[in-house]
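This structure is in structure tokens; I'll ask about it shortly.
For reference, chains read A, B, C and D in written order, and residue numbers begin at 1 within each chain.
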Amino acid sequence: MKLAYYPGCSLKGTSFEYEVSLLKILEAMNIEIKEIPDWNCCGASAAHSINHNLSVALPARNLAIAEKDGYESVLAPCAACSNRLKNAAYELKNDDILKKKITDSLEMPYDSEMSINNMLEFLIGTVGKDKIKSMVKKPLSGLKVASYYGCLLVRPPKVMQFDDPENPVTMDELVALTGAEPVDYSFKTECCGAINSLSKPDVVMALTGNVLYDIKKHGADLVVVACPLCHSNLDVRQREIERKYDEKLGLPVLFITELLGLSFGIDPKDLAIDGHMVAADRVLKKIEGLANQR
Amino acid sequence: MSRIGVFVCWCGSNIAGTVDVEKVREEAAKIPGVVSALDYKYMCSDPGQNSLRNIIKEKNLTGIVLAACSPHMHENTFRKAAAKEGLNPYFVEIANIREQVSWVHEDKERATAKAVDLMKMMVEKVKRDRPIEDVRVPLNKKALVIGGGIAGIQAALDIANGGVEVILVEKEPSIGGRMIQLDETFPTLDCSSCIMTPKMVEANQHPNIKLYTYSEVEDISGYIGNFKVKIKKKARSVVEKDCTGCGECWNACPMHKNVKSEFNVNLSERTAIYVPFPQAVPLVPVLDRSVCLHFKKGGKCQKCYDACGPKCINFDLQDEIIEETVGAIVASTGYDLMDTSMYGEYGYGKYKDVISGLQFERLLSASGPTEGVIKRPSDGKTPQTIVFVQCVGSRDPEKGVPYCSKVCCMYTAKHAKLFAHKVHGSQSYVFYIDIRSTSKGYEEFVRGTMEQDGAIYLRGRVSKIYEDEGKLIVKGADTLSGNQVEIAADMVVLATGVIPKKGSDKLAQMLGISYDKYGFFTESHPKLRPAESSTAGIFLAGMAQGPRDIPESVVSGSAAASKILGLFSKNEYEVEGTIANVNEATCVACFYCQRVCAYNAISKKEIKDRSGKLIKVVANVNPGLCTGCGACVNACFSKSIDVKGFMDDQIYAEIKALAV
Amino acid sequence: MEDKDVKKEEHKAPKHGGDNSSDPRIIAFVCNWCTYSGADLAGTSRMKYSDNVRVIKLPCTGRIDPLFIVEAFKKGAKGVLVSGCHPGDCHYTSGNYHSRRKYATFRDLLGYLGVDLDRVEFSWVSASEGNKWVSIINEFTDKIKSLPGKSTDIFTKK
Amino acid sequence: MKTVINEQNRRNFAAQVESMLHDKLAKCYQCGKCSAGCPVNFEMDYTPNQIIKMTELGMEDKVLNSKTIWLCVSCNTCSTRCPKGFEVTGIMDVLREIAEKKGVTSKVEKEVQMFHEVFLDNVKSNGRIFELELVGKYKLKTRHLFRDMFLAPKMLEKGKLKMHGEKIADLNQIAKIFKDFE
């Protein structure tokens, strides 16, 4: 299978754990992906916030390069990147005038047929449940896991074309494959405040706090995410939120790739789980304990 | 050879003031075939008509042209006058030289020239007129009513009381429809079953009404006066005439769990052999074979049979097809409620205490699953705070339908009111976008819910409902104060919108009546023929036509009934003769005409030779259904169909008369 | 119809309301229910409008054969107006839709025959729109007058 | 709270927004579902449905200077649930873009605006985001030097903040994109 890989800036920086764990589980499953050569930033929220054309043109360059190299689909693990790439692809498909302007500027053709996969689509659709199930060596049964989807994976539905925008289940299905118990709660797709993390930290803490306390209330041991922005708000800001609301959370936030890696029996260190701000030690011990019980 | 008479009317000075009527008369006299030309002050007056009749007689006219006012004014007057002299009334043509000439133009010379043109056109047309006979269709004076809700029952009773036999077909085991599911009705708070049950009983006992419940219309063919109907009477497994409705059978049925009661909208269970509700009419149970152990487990269980005193349970009964011939039909199939589980954000189906308006009706009803005590489906506790959400599915082109369901504003106000009456100290909140309370006493009713019963109305929609510590948290907006609001409720009632009954589009196709894109039946004219369908002899009533409340449904039932009684007051149905006509010799049986006909008036006709061998198939126009619109004429590739009174050669002659 | 007739008429001296662009003949095909009644209303309201138009009444615009339009031009009309009920208001449910659809496909053919498509107009006039009828007739007449005279001769083009 | 509606200005502003939005303002029937579900509504000065109405009425100054347009996190909850399928998130983008083009600097929410600007600058010069540089420049610009600083040591320790950024090879092309579309 020929699949282009678009890591995006976060996976090369603050969310390096996501890339490390992704590459690790792909290696374990014998799946090869190729990074888009000389890819550039998708423009994230900043571009669409103040310049619509730029928000299509920046991702378009990556899509055009991938197309030139003969790829038909792209894996963008970062939910924000996949969102922006899908948006750009949608605009290019539906706005011929803008498409012409952009391809002229890029001096590259683009035929609007690139399929873009977020991490969950890739795992469930491309890799497949059977394959993942066959890889599980260390079932995580007994572990309660809350899947947090946030906004970017599912919305806007007409562009994302992924899962139910109000009650998504794909990540829960993956969690179930690892043997862990998916936890149902109310704020699966509530926003964490992502883009305003640096500029409006108070707002972001309020939103992220809502999500984390709701997860806590529903008895989860940990949270899994498929988005670096969600991760950095839920993980990096968690201590601050605990202080602000004066209530302990202690919820490790793992990438879905890390959870899969653990169930595959990969060493937590190789998955860079120690890279998170909220230590996952207790959860890792629980996993070991569960394994030893069997 | 044509012998045409032209009559130019002055209309006092109305025409003569602007048009040189003598010139028009002179020009008329020059046209070949015109044997008489006359002008007169008032052609429509008695002397005018008399001279017209005299000349028809004297000159033995074959056609007349009146250059006068609009045909919409006096065409009928002159047709009648002509008919009295034995001339076919369709041999009368009108050149409209008043509304189209003298009243709208000022230059006398040019107006006169135009008047001459119009007169010439009509002379050419009348020369080519063929005699047209009005069509008479015999009537079978029996009516079929499809759907036994309030609208259908009303229609059936009114028709039956008018002395006409009625067949009332109902799909469900009992008549009563949606109305019998309701608790009290706005704005008077009459108990629905108290006013509905007597009507149901009356319909059942009426000597002129034949009731088929648990039955469906399978097939309909024919046309006004002569519809052939096939009714499928589904196997009830109970012999109706022997059953006493004692209830021993359903008390004995072991299947008393796991089958949701349709009547109580899934809020309670029913047995496999059951009556949907205690006041059912007829009070005869139905055995639901899809869940009955006898049918599922190879005939072992027959507890109901054993319990039945009169031994009227018969597992071997089969579906039965009944054929009837009727002269007119009422389609009153009613409505369904939208499935609101598509609103993931509202959690219907996920949270037990998020319920629909109809479910709340059942909770309010004394004959409902909680005997009229409002209890939460989740834990049976009485809620203290209820949030009502209006416009769920309605006015929502994205997930639901764009139209307003009309009844939700009122039933929600009623729900909030009854909740306040039943649970003292309780509080209700109503989210609305607009309040529509436009009938008599409705606005006062809604105001009362707010002012006397303390319901708080918030103007805005709800975005999300989720559960938190046993409460339902409702996140909504109040756009008047510009605030986002959160309310912790014990129960949420969604005012779900209405859609046509499932399968009503199929029925419409079977009946050959038109329906809109949602499946509601379309009236023949939205203002002036609201009780008629697009097909002659088929009438509409109730919610099947679109959202409406009980009084409107009753009115529409009565309207349909009065139309039918009016129709049946004669022995024959008369149709204007200006309808389509097929030239069977040239018809190539492509049936494009059939496709464009909005009235289902074209059918296939087989032509056989004397030995019964099929020679050809041709289009055939049903005079009972055709309205003479002419759409088929244009669709015809072989020029084999024409509309009487507007034949191709006539129109070409009119154009030719205008040649310059 | 017969070409013979046409030729004969071509030799006739132009009549009043005749064959010149300052006084063009306009033929309007209208439905009986909406537009004809709308025109009647203009009459009963004594509104004044251009007298170049001659109305041919049909049950419904659905009855209007596109060949009527060709025939009208053949017989010297300089403009043809088709007017019926508003979409959704057709007395016969859907006749006006049929006619609109038919015309959409027929338009190209008219153009091919050499008819200036500016000379054909479709409009909706309801029974209550006497004023609309008046303004449509006046505007259409003005428009036809402003067009160059020869472009309706459908026999010039092969 | 009174606005005198100038018809010409109203039309101009509404038309500009509609053409950029590819949607009709009149589509919105003010049910308020957007405001009901907006996660940041609590901080806003005008609710989203008010912004739509104000735009339709041509209240350009109030709209472009509102906190709302900068507080919107583009989570798309509003557009997803909008019964009319109106681009509520889209209108926020459009209004921000107009504000940016007209040089309207938000008085109350300038930090959000600045962050977007610094972010795009970073993309322009590197082709990718160099997070340390982004944060540093943003802090210099907003003078919030010490906000969130306590996070830095641990993030450095965990390896989350890289000391060197990556630049892409074909920076010329990025420059061209910015030149063509900025």
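Operating definition for what follows: a contact is a pair of C-beta atoms (placed from the backbone, for glycine too) under 8 Å apart; a residue touches a chain by one contact, two chains touch by 3 or more.
Note that this is a predicted model, so its numbers are computed, not measured.
Engineer: Count the C-beta pairs in contact for B-C and for B-D, then report the pair with the higher count.
Structural biologist: Top pair by contacting C-beta pairs is B-C.
Engineer: What chain lies closest to the overall centre, CA atoms only?
Structural biologist: Taking the mean of all protein C-alpha atoms as reference, the closest chain is B.
Engineer: Sort the other chains by how far their Cα centres are from that of chain C and give me the top one.
Structural biologist: The chain lying farthest from chain C is A.
Engineer: Just how far, in Å, is the C-alpha centre of chain C from the one of chain B?
Structural biologist: Whole-Å distance between the two chain centres: 36.
Engineer: What is the distance, in whole Å, between the centres of chain B and chain D, each centre taken as the mean of its C-alpha atoms?
Structural biologist: Here chain B and chain D have centroids separated by 52 Å.
Engineer: Could you state the distance in Å from the CA-based centre of chain A to that of chain C?
Structural biologist: Centres of chain A and chain C (C-alpha means) sit 65 Å apart.
Engineer: Taking the mean of the CA coordinates per chain, how far is chain C from chain D in Å?
Structural biologist: 55
Engineer: Mind pulling the residue numbers of chain D that touch at least two other chains?
Structural biologist: Residue numbers touching two or more other chains: 42, 77.
Engineer: Could you say which residues in chain C touch two or more other chains, in rising order?
Structural biologist: In chain C, nothing touches at least two other chains.
Engineer: For chain A, write out the residues touching at least two other chains, lowest number first.
Structural biologist: 165, in rising order.
Engineer: Among all the chains shown, which pairs meet the touch rule set out at the top?
Structural biologist: Every pair of chains meeting the touch criterion: A-B, A-D, B-C, B-D.
Engineer: Going by the contact rule set out above, which residues of chain A touch chain D in the complex?
Structural biologist: 9-10, 12-16, 38-41, 43-54, 57-58, 61, 101, 105-106, 151, 154-157, 165, 189-191, 193-196, 198-201, 203, 206-207, 236, 274-277
Engineer: For chain B, which residues count as touching chain A in their complex?
Structural biologist: My answer: residues 343-345, 350, 466-469, 473.
Engineer: Spell out the part of chain D that touches chain A in their complex, as residue ranges.
Structural biologist: 20, 39-40, 42-43, 71, 73-77, 79-80, 89, 93-94, 96-97, 100, 109, 111-117, 119-120, 123, 126-131, 135, 138, 142, 147-148, 151, 154-155, 158-162, 166, 168-170, 173-174, 176-178, 180-182
Engineer: Enumerate the contact residues on chain C facing chain B in the complex.
Structural biologist: Chain C residues touching chain B: 1, 5, 9, 14-19, 25, 27, 36-37, 39-40, 42-44, 46-49, 51, 54-60, 62-65, 68, 71-72, 75-77, 91-95, 98-99, 102, 134.
Engineer: Quick one: in the complex, what on chain B touches chain D?
Structural biologist: 345, 391, 395-400, 433, 459-464, 475-479, 482-485
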